[in-house]
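Please find the structures below.
You will see chain A twice below: alongside chain B first, and alongside chain C after that.
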Partner chain A sequence: MTTELKQVSFPPEVLARIVPEVSLQRHLSIGLRPNLRNFLEFKPIEIASHANNITTTNDNVFGSSIVKSGNSTIVTTVTLGVVENTNSSTSTFNNNNNNNNNNNNNLTNDQFTSIYPVIDIQRGRSGAPSDEEMILSQNLYETILHSRLISKAALKINHCGLAIKETDINSDKDNIQIFYPDIHPQVFVNLPSSSSTLKKSYSFVIFCHVKVFSKISTIFDLCYSSIIDALHDLKLPRVYITDFSSTKISVKSRNSNTRGLVGVSKSSLNIDLNNELYYPLELSSEGGISCNFGAIKTVKNKQEDEDITMENEEVVELLADLEGEAEESTILSRISIIVDGNEKIKRLSLINGDINSEISLDILQRAIDVAKLRSRND
Partner chain B sequence: MDRRRLLGPLNTVIPNIGISSEINGSKSTPQTGISSSSSSNKNDIENFFLKTGIIENANGSAYLEVGNNVIEVSVFGPRPIRGSFIDRASFSVECKFLPYISQPGDELFNTNNQFNNSNSNTNANGRTGLTTIEHKISSYVETALLPSIILEKYPKSTFDVFVTIVATETPTYNSNEKLMRLTNWIVNCASVALVDANVEVKDIVTSGIVKSNKSGDIIIDPRGQIEDEQNEQDEQDDQNEENVLGVASFMNLNNDQLVGIWVEGGDIDQDLVTKVINGCNDMSKKIRANINSFLIDSLQ
Partner chain C sequence: MTFKVRTSVLDNSDGSAELTTSDVKLIVSITGPIEPKPRQELPNVASLEIVVRPAVGLSTTREKVLEDKLRGMLQAVIVRHLYPRQLIQIIVQIQATPLSKHQGGAYSNHRDEVEYSNVELNAAINGCYFALVDAGIALYSSFASTCISITKPHEINDNQEYIIQPTLDQLNNSSSHHIICFSIEDKKATKLLLIDSLGEFTEEELFTVISKGVEQTELLHENYQRKYISDKIHNDYIWKS
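And then the complex of A and B:
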């Protein structure tokens, strides 16, 4: 005895959860994606770099950007660190400045530097960063390094100021004045003692914190545009040295476990909060637009007639800006391209993850064309 | 050394935020919003902006702007737990400032090394765990919200509330007041997020903040030093030490049940605490009325 199995049918949203690949194929066969976009349509991005007041309300933030795409919001903030240059690297700076300013072709990779991004995706877990966050951070670091966006010379602190404390005898108040070699050259003629501190050369280090709210799809593109936007917004401050700061540090005694306070006087680096002396970071290029694509084999019905099903044609379709569970889990052949304003390709990554829908040269060419077109439009 | 995050070369120094070399010497701090609201009635509650459901990958979320504070709360849960059976849900709150924000009172708690310790070279982006201030806020919010949730309905599950502070008030505020104001609004925002997450609650928790000065007058929803404007600066400092600040949270429909109280500063006696609680209750009712109409509107 055999019982006949009844055919079960699911509503589209349930089908999308159970068999995303079938749902995706059904969407594609009628020429539409599950997110209702066209095959080569990108999700709109809103960038608000100058509309936010993060930079003005936080003294330690020097550039910021907020990028929104759908519900995903990305807040990027740039803070600064300072690193002392070693002698060998300073000599290359000088050569670099003398020889060329515009011609980047002669420069090698070690004359460029990158940012140090920390990606923080709001995902309802605390603790160490996830693999995704770590990979994304490293990817962004390397992309910006190899796209030769930030030259080391642009981050060099050229005129390190000196703060001098004058005690007013009448009012017994300390009056601090900051002098810079390029603005107040007359002061520095008479300052031989401080020359040893001033001989050291320093460079800025750019830290980026990228907070991602409501992540629903791959976010490399969004993070990249957010960071690029924050870098365009970035204004570097002046830095001055104080020689007089005396701080108390706690020192552990050798014989016991108690700690005592010892006053030390050491020179320290400070950021001058004078807005008028801020200067924008010089970027070697515009940075460009990052796009991602996926390739998937679909079956196109040549004729609507039910009898001639054999005439179906299999085509590998190119989809732009993947989004949603169905596309992300099903499409494994991916291309990621960054094209700058001069239509130069800054980064290209290609993963042929799906044997059935391999990325052919033709598809790659189409993806590059679309990416170039997009970089022009934006 | 942190191998999981990119925190820059090892010999990087975080420079101190120094002074400005401008002629007048002091940096003018932007005073957006504060001066404009000062003209309004003393016992009015500051306008706030509230929005729910903005975080797609959370079960519920709320976003609140008040003054210059920007708070985002995401609720994750009920989520299944691993391990042995529990007959009621567990509940946790984690409150975090974005790393670049100077936290209210960090000069007292010495949490943010970046600003205090000249010999430290820690990048704030690499901070792990919560600071003392974040712990303080988290534990208050957790205590206040815990009685409202019907945990028995969710065996073998957890609720995790994540609060992100995107912006805080400008430094014109006294740090205690800044911290307590922030906590007050986080409680209000988090209860709306719980509703957005469809968590079964006994009542929506709302809270209020009051300040009492030396003469014992209660000011509801204090906003900076507005009421002391005419006084001299040093007189203000004296007053700040005498001032008593209080935050209290209530379940207004559940017989005004008090679910959290935090009083700080000055000489506190029973009389004053009663006054503070009553003042907070008044404010919490006003906020509750606002939230009620917001929730009714969002259903339509």
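And then the complex of A and C:
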């Protein structure tokens, strides 16, 4: 006795969930991707950097950018920190100043610095950053460092101001005035503590907070363009020192158990929020456009007109801008390329994770050509 | 170029290798195939657990990226379907980096020094090869990796040099640096497994680097990998008449 086995069939969306690789192959065999884009079609990106008012409404945000692509939204805000330069770093600045008028080619790589990105993919839960977020942040850090985008000299605070408190006798109000050596050179010479402020040198440190909402694709490209855009938007403030702030520190007496308060006058660094004095950050090179590609082997049916014979041909297809679960989980051979407007490649990362769908040199060449074309158009 | 390998250095792991190159020293330990934790188990292939430990301090995001790149590359060369529902644990302990050597071994968190973590990736890939062979894990092919840097165009004649296995100073003065890893079959570099390039370079330079990578990985395989593996097999079967 034979029992008839019923063929189980699933609607396409169920099939995509349970066997993403089969679903992807079926899409590719009819020349389509699950997201209905062409093989080498990128998803459009909208960048709204100057239209947002994050920077104007928040005093501690100095640059910002919003990037949208499909449903994914990426919000980058840039905040700043100030660090004191060590002796060895001052020597690099001095070298730097000597050949400032030359081009960047003469600078060694250690005269460039990077940003400190914090990627936060919103998934409705909090906790320690996931591996994906950590890898993204580190990749962005290394890319910006080695692409020689931000020189240390550009982040150095050259004219540190000094705040002077003047007490108005008539109104009994404290009046604080800030003097800068380059804006008020006459006043600055006469100031008593000006020499001590000049001794130390400070630099800015750039922190980029990247928030990712509704992530559906690989987001390195979006994060990169968002950060580059925010850096173009970044305005650095001036920094001044106040000499008069006195704090009380509690000190334990040596002989008894009582604690006494000792006044300490300590100079503190402040950021001048007068946005008329803000100046844009000088970027040493342009950022470029980041693209990602994946390669997957597909079987093409070559149907000849009159004959019944079906010829199966295996081809490795190049797909641009991977998106969706099926593509992300199935395609393991990937390329990520950053190309700038002068057709210079800034970063290339190729991993052949799937030995069957190998990225050959021809495919790599094709990916670079597409990336170049895209950087030219944008 | 220094390139020293000692295999089976660790007694309690299934395979291990210690690799010393001119600027990086590391130990790779392989345990596997072993029983995985339920959440690591994959029904049809072996799962890989890759841990990179830095020379100094705790692992950071930097090591996570190294792990990610190593995983991407190794999953293409290990014959994973031979070990379904099993785990292969690969631990890379870095012992010396170009930076730590540069500072005379003393660690100082120098803000001014640029780190080149790709140099460590290069050594880690080469170290993994010997350790995987030592552990007897099935591989589709041999693989070897090399690091090449391109110097800045010369002021007068625009000449650029390609430096193989650059030192820290050479990296610092380079315009770009590249890690190229090829699979090797019958002493010939066949498939491109990994490229990681940072800096600024043209397409032409990239393809020159790749062709130099072919030469270098073949040389590495011929001069070192074959020699060490045959020595190893000779020593392993020393009692066999």
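Basically, the second predicted complex is superposed on the first by the 345 of 378 C-alpha atoms of A that agree within 3 Å, B and C clash if a C-alpha of one lies under 4 Å from a C-alpha of the other, contacts with A are read in each partner's own complex, and residues count from 1 in each chain.
Just so we're on the same page, contacts are C-beta pairs under 8 Å (C-beta built on N, C-alpha and C of every residue); 3 or more make two chains touch, one makes a residue touch a chain.
This is a predicted model, so every value here is computed, not measured.
When both complexes are overlaid on chain A, the residue A:K344 reaches chain C alone and has no touch with chain B. In the superposed model, A:N274 makes contact with chain B only, not with chain C. Which of chain B and chain C touches more residues of chain A is settled by the count: it is B. Contact with neither chain B nor chain C is seen for A:E21 once the two complexes are overlaid on the shared chain. In the superposed model, A:E282 makes contact with neither chain B nor chain C. Using the contact criterion defined above for the overlaid structures, shared-chain residue A:E41 touches neither chain B nor chain C, since it reaches no partner. By the touch criterion defined above, A:L145 reaches chain C but does not reach chain B.
In the superposition on chain A, A:D354 makes contact with chain C only, while chain B stays out of contact range.
By the document's definition of touching, of the two partners only chain C reaches A:I135; chain B does not. Within chain A, the residues touching chain B in one complex and chain C in the other are 83, 134, 137-138, 141.
Remark: chain A residues 53-54, 56-61, 71-73, 75, 77, 79-84, 116-118, 122-124, 126, 128-129, 134, 137-138, 141, 161, 163, 176-178, 180, 205, 207-209, 211, 213-216, 238-240, 242, 245, 247, 249, 266, 268-277 touch chain B in the complex.
The part of chain A that touches chain C in the complex is made up of residues 83, 86, 88-89, 92, 105-106, 108-110, 112, 131, 134-135, 137-139, 141-143, 145-148, 285, 332, 334, 343-355, 358-361, 364-365, 368, 372.
Against chain A, in their complex, chain B makes its touches with residues 4-9, 11-22, 27, 30, 32, 54-58, 68, 72, 74, 76, 79, 94, 98-102, 114-115, 118-119, 121, 123-126, 128, 160, 162, 164, 166-167, 170. Residue ranges of chain C in contact with chain A, taken from their complex: 61-62, 64-65, 68-69, 72-73, 75-77, 110-114, 117, 140, 152-153, 171-177, 183, 191-203, 206-207, 210.
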